[in-house]
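In this document, chain identifiers A, B, C and D correspond to the written order of the chains, with residue numbering beginning at 1 in each.
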Amino acid sequence: MHQRFTTIRRHTEDICRPLQTEDYVVQPTTDVSPPKWHLAHSTWFWEEFVLAKHQPGYKRFHPRYAFLFNSYYDSVGERVLRLHRGNMSRPTVAEILDYRHYIDEQMTRFLETLPDNLHGLIEIGLNHEQQHQELLYTDIKYILGHNPLFPPYDPNFRETPALAAATPGFTDMPEGRYAIGYTGSGFSFDNEHAAHEQFLLPYNISNTLETNADYLAFMVDNGYETSQWWHSDGWAWVKEQNVNSPLYWHYIDGRWHRYALSGLQEIPMDEPVTHISYYEAAAFAEWKGMRLPTEFEWEAAANRIAWGHRWEHTNSAYLAYPGYQKPPGAIGEYNGKFMINQMVLRGASVATPAGHSRDTYRNFFHPSLQWQFTGIRLCKKQTW
Amino acid sequence: MHQRFTTIRRHTEDICRPLQTEDYVVQPTTDVSPPKWHLAHSTWFWEEFVLAKHQPGYKRFHPRYAFLFNSYYDSVGERVLRLHRGNMSRPTVAEILDYRHYIDEQMTRFLETLPDNLHGLIEIGLNHEQQHQELLYTDIKYILGHNPLFPPYDPNFRETPALAAATPGFTDMPEGRYAIGYTGSGFSFDNEHAAHEQFLLPYNISNTLETNADYLAFMVDNGYETSQWWHSDGWAWVKEQNVNSPLYWHYIDGRWHRYALSGLQEIPMDEPVTHISYYEAAAFAEWKGMRLPTEFEWEAAANRIAWGHRWEHTNSAYLAYPGYQKPPGAIGEYNGKFMINQMVLRGASVATPAGHSRDTYRNFFHPSLQWQFTGIRLCKKQTW
Amino acid sequence: MHQRFTTIRRHTEDICRPLQTEDYVVQPTTDVSPPKWHLAHSTWFWEEFVLAKHQPGYKRFHPRYAFLFNSYYDSVGERVLRLHRGNMSRPTVAEILDYRHYIDEQMTRFLETLPDNLHGLIEIGLNHEQQHQELLYTDIKYILGHNPLFPPYDPNFRETPALAAATPGFTDMPEGRYAIGYTGSGFSFDNEHAAHEQFLLPYNISNTLETNADYLAFMVDNGYETSQWWHSDGWAWVKEQNVNSPLYWHYIDGRWHRYALSGLQEIPMDEPVTHISYYEAAAFAEWKGMRLPTEFEWEAAANRIAWGHRWEHTNSAYLAYPGYQKPPGAIGEYNGKFMINQMVLRGASVATPAGHSRDTYRNFFHPSLQWQFTGIRLCKKQTW
Amino acid sequence: MHQRFTTIRRHTEDICRPLQTEDYVVQPTTDVSPPKWHLAHSTWFWEEFVLAKHQPGYKRFHPRYAFLFNSYYDSVGERVLRLHRGNMSRPTVAEILDYRHYIDEQMTRFLETLPDNLHGLIEIGLNHEQQHQELLYTDIKYILGHNPLFPPYDPNFRETPALAAATPGFTDMPEGRYAIGYTGSGFSFDNEHAAHEQFLLPYNISNTLETNADYLAFMVDNGYETSQWWHSDGWAWVKEQNVNSPLYWHYIDGRWHRYALSGLQEIPMDEPVTHISYYEAAAFAEWKGMRLPTEFEWEAAANRIAWGHRWEHTNSAYLAYPGYQKPPGAIGEYNGKFMINQMVLRGASVATPAGHSRDTYRNFFHPSLQWQFTGIRLCKKQTW
């Protein structure tokens, strides 16, 4: 456990290593947090939920940090509003790194004699830290990718993982009752629990993700100007936000480019399209005469399709499984209270820490958000 | 068909009979349309989709009405923005009634020789008209209920239908595969089609709706001030909108009152609570240690529980059934494009026209809306 | 006094005579009040400030009307928010006319034995009523002119008064101390008081107002696309509101039209341009290499130029004259509290009741507002 | 000139010396720019208006900086929106300092053979730089003062300059024609030009500024809850923004404190009140039965009263003097286009560079802004 703790904590800081001090501070939109906030908040989680609660005589690093770095745990106390995170120049990055190292030391000592009943809590903390590692990548990309100078994060960064090539075409899935939810012995989140069966009708799910070339065909066919492909709310979003391409796409000198973590580049046409919202994924599917899978169809087919390139949009709303139990206390605020107005994504992306995701993992975002590494996998429309 | 057409059309006007001319005009919030708009839009539907398309040589009543009274059919052309409906003093109520009667005459003649293949379209038109009858009640209530003078709509109006008394307690539903969706031979909407089976785990569903007394207990227990019961978005809604009771409730001289269509009155404690949003229904359920049913659980149990008092909140997002096919053309905009960001309600309310709803009927609203006659039916939380 | 009271009160209702009941109700933008609100509010003024205060044993017409029809007098009590006036279908027009007639009767009796010390208050009430007569015209125009059917108010209405023809050219005004403010014995508002002298440098003021043809030349010269002519706030207003012409102008079939109270018509090119905001007037003047007069320059020249066609924009902010005294009590809220963020207009318009305005009259609006009958008179730029 | 250039440029950087890198980046509200933006923009001014225009063969430091650091000069090209300045982590502080030093070198060389006709332009650049020095102080105070940790800028910073003690009481100014505007031979802004005479009635102006104790008396007398003292727009501002004290005031443990550049401290009661908006200054004056001076009254009395503690609110709108000429080209955007919706402040503050202000200097801000070092000097209300 101690080794795993150290490795994961170090990785968080490693992600930030290419940054300039100034990059740690800004918050160009509400959903994007400053990197130094991620560094501090993931640390605060250990202090608040482990050390302050379970380490007798623990002395907090700073009396105000609980206020500054709480994210959304109402039961823990008041907090800085999310949209003001980018206004806080202090504590400095150096002070936050000091905070991290203080907590790392305290945790190292604490883990030496870790009581059995706290293993689960530590695992939550590690998975929480990994979720912020993923957000560090997507938030850093947003910060640098919205700077008029388009500074690269790392010129060698490859956004599309080199995965085993999938056979083009569709996998046919038969009607039946399928096991859904986590039943293994490792870590999993409460939203995957209450494993149960879902009855599915026969379906055909694509072996591959849609590519930039596929998506450009939709754009060229006036996809963003044709209301019939869109949900009503999606169409309103397109009109109000003047959306006309995936996030980070720029039309320069007659050719489509994109900002990637390696810098500005021409669109690689045969790579999976990414940074599209649910609205865009659904409109694209409609235009193509196909549909998005449900999260159950996805999970049932997960061991027959290659996944891991992208968080894949599903047509399932993020809701409780039958039998879902919200854990007591502040940890109960982790998942349950977000089970409204969001859609489920399945899979993993280049930004997901190795080993963090799994077949049963449920990610979720509001349907208008584009800044995650999202992708599109289609199903055929059944007719009976 | 002709008789049914005439009866339904007349009923629309009958609902408006207690109104003053001024009441037909106003739109106190975006979701509430002026009654005269409902009168005109339901008429426009017949003109646009039946007469203009299928009656050779049909002469429109007025060249601009297609622009004025289109609601959301993008494929039919441009239209007045929803939030500006209440700015249009013209056409007057009298002119709109003339429009109605002109269309009624034309339709009467058209129905005399109705081709077989248009029966379905006429049924859609009649059901569309009935949906606006329901909205007329809820919108009129909003208009009069937000007037500082609280004018009654009809002093004899009873908001809670006198239904056969239900036995208190819960109905136990066994695990199994249940038929979902419409399979009969009458009219139904496309969103109920693609009937299929859902596998359900065992559950227990209440025979009765929660009452005003039940809900007041939640309020007295600081339900609106306790974040732990609420979804994150629901909590934000409560804080931003200063919500502290169901819609139409007023605390006057030390007692809770409500505006009903019969006027201002003390809360009848043993009647079902109504005008609560999904957020409130879900928070109430959480406070009570219970949960809302899914729409499938509701439908599977529908013939064992008495329903029809209220549109009942479910914990299901409004999404396509497997195998759902969006109809071609403008009618395809009727349901499919709203399948995001809304939750399903099942049942019927006092405002629903007789015979309009059924076991398989899927109503849907955004989770913050309170102005419909909504209700709460609970399920026990299972534990396995 | 009684005769004058009756004449003015009747005129208010006469202005509304061409309206349909529905036209009395709507409020298409915050600054435009429903005609029935004007009818009621001008009546409330008599009830609140005259009858309730000075008529022993006076019985109010309705206990809630004081709340419903207060406009902005904070010292008189709480009130309906301005932007919600258009949501109130009740009281009906008929009920408000009853209210008017009740008050008229009470006032008639009251005026029979009017104490001397109340003459001033009655005059304020009459001038207040006349100000709402002017607003009735401009608000009715806004309501009908923003209706997609463009219904005429009165086909014979002439928006440009037939005034004695002015000699084109400029009037030269010499340097000197000029008397400013009201010193006569008739009625005047507190903001004209504290008459005093202003020292003015020599200036040249146009004898005529700028015409639609003049203004169209500015438009054709890309006036709305050229930032250099505009104030910074004006430019932001143009961009955010997509302003590209005076209010009520429409480009139809290759020609500019406008909505006038007589209906939609081609722009009469030699009439004074109207419905331009201060921002537009100032940008136009800058484009023309000229400037707007100050209110003092205007007043000093008033008896040498023909005025009365339009409220003329000046380059003076609406501020207190030296020695200005705010009257005590609620009447003190009439003018003083608006002396910030507004610009002065001088003159009168076709909507101004006869005899209501005078050389010293100070009208005022926010610099972005277009819905009044405004006009442009220019001065040459001096160089010393 | 060269010496003066170097001194002023160095002072800009000196002001920033106590900052951490992170402090240079944030923009907690639209009106407050990140310190690194001030450093870059004041440098860009030299590059754009001097070097690029007048130095043959000048090579720009970076091709995109003209876009990044333009503030509001529409005639120079497109620019980053003001409200997004705080989203730009790049260029870094170090890169901006490199930019400064590159320009300083180029300018030094350029100044060696400065043509006579460019002296005026250089003076504008120096005064522009000084204006940003003042903004650096006020913006840094806002950034640190809104941080929950309240970090001091400089523990020894004294916000109230030690000025010669003024005799309490009022100075009586006689009626007369007073010279207004700049007529000297040094530098002055275009808005002070067109010197002319204003005729003033007799008035009495306070020798001293109102203190924190004076202002607290207003607060204790429910000044922020009493509408009668306020302008209508001011009252709306108080209600909407929940204003209940000057900016930076905090009620802690039963005593009023304030954030000063030296850190959090108890309010020094006998020092001049500061960080009050025009709305607050005007309401305070009204409460006290007095009034603010006009800018002409202030200027006429300037050599008889001690000034320099604070930018003093006047009751004059920021408008052109008679005979005002807007300079041609981009420099013409410096002042003229802001002459609407703002009020004039006279004097100087602790943040104003030595020698930058003068009797005739016209500062201006929107009436709701509090973040400048503002103050209140009163006049008696005249009665004639």
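Simple rule for what comes next: a residue touches a chain if its C-beta (ideal position, glycine included) is under 8 Å from a C-beta of that chain, and two chains touch if they have at least 3 such contacts.
Fair warning: this is a prediction, and the values are worked out from it, not measured in the lab.
K.L.:
Treat touching chains as neighbours and tell me the shortest step distance from chain B to chain D.
P.N.:
Graph distance in the chain contact network comes out at 2.
K.L.:
If I average the CA coordinates per chain, which chain comes out farthest from chain D?
P.N.:
B
K.L.:
I'd like to verify one number: the distance from the centre of chain C to the centre of chain D, where each centre is the average of its C-alpha atoms, in whole angstrom.
P.N.:
36
K.L.:
Averaging only over C-alpha atoms, locate the centres of chain B and chain C and give their separation in whole Å.
P.N.:
It comes to 45 Å between the two C-alpha centres.
K.L.:
Measuring centre to centre with CA averages, how many angstrom lie between chain A and chain C?
P.N.:
57
K.L.:
Could you pull out the residues of chain C that touch at least 2 other chains?
P.N.:
Expected reply: no residues.
K.L.:
Could you tell me which shape the graph of touching chains takes: line, ring, star, complete or other?
P.N.:
Per interface graph, the chains form a ring.
K.L.:
Mind listing each pair of touching chains for me?
P.N.:
Here the touching chain pairs work out to A-B, A-D, B-C, C-D.
K.L.:
Going by the contact rule set out above, which residues of chain B touch chain C in the complex?
P.N.:
Going through chain B, the ones touching chain C are 20-28, 36, 64, 67-68, 80, 84, 86-93, 143-144, 146-149, 151.
K.L.:
Using the touch definition up top, name the residues of chain B that touch chain A in the complex.
P.N.:
Residue list for chain B touching chain A: 72, 74-75, 177, 194, 196-201, 203, 227-228, 230-235, 278-279, 282, 286, 291, 294, 315-317, 319-320, 322-323, 325-326, 332-333, 337-341, 343, 367, 381-384.
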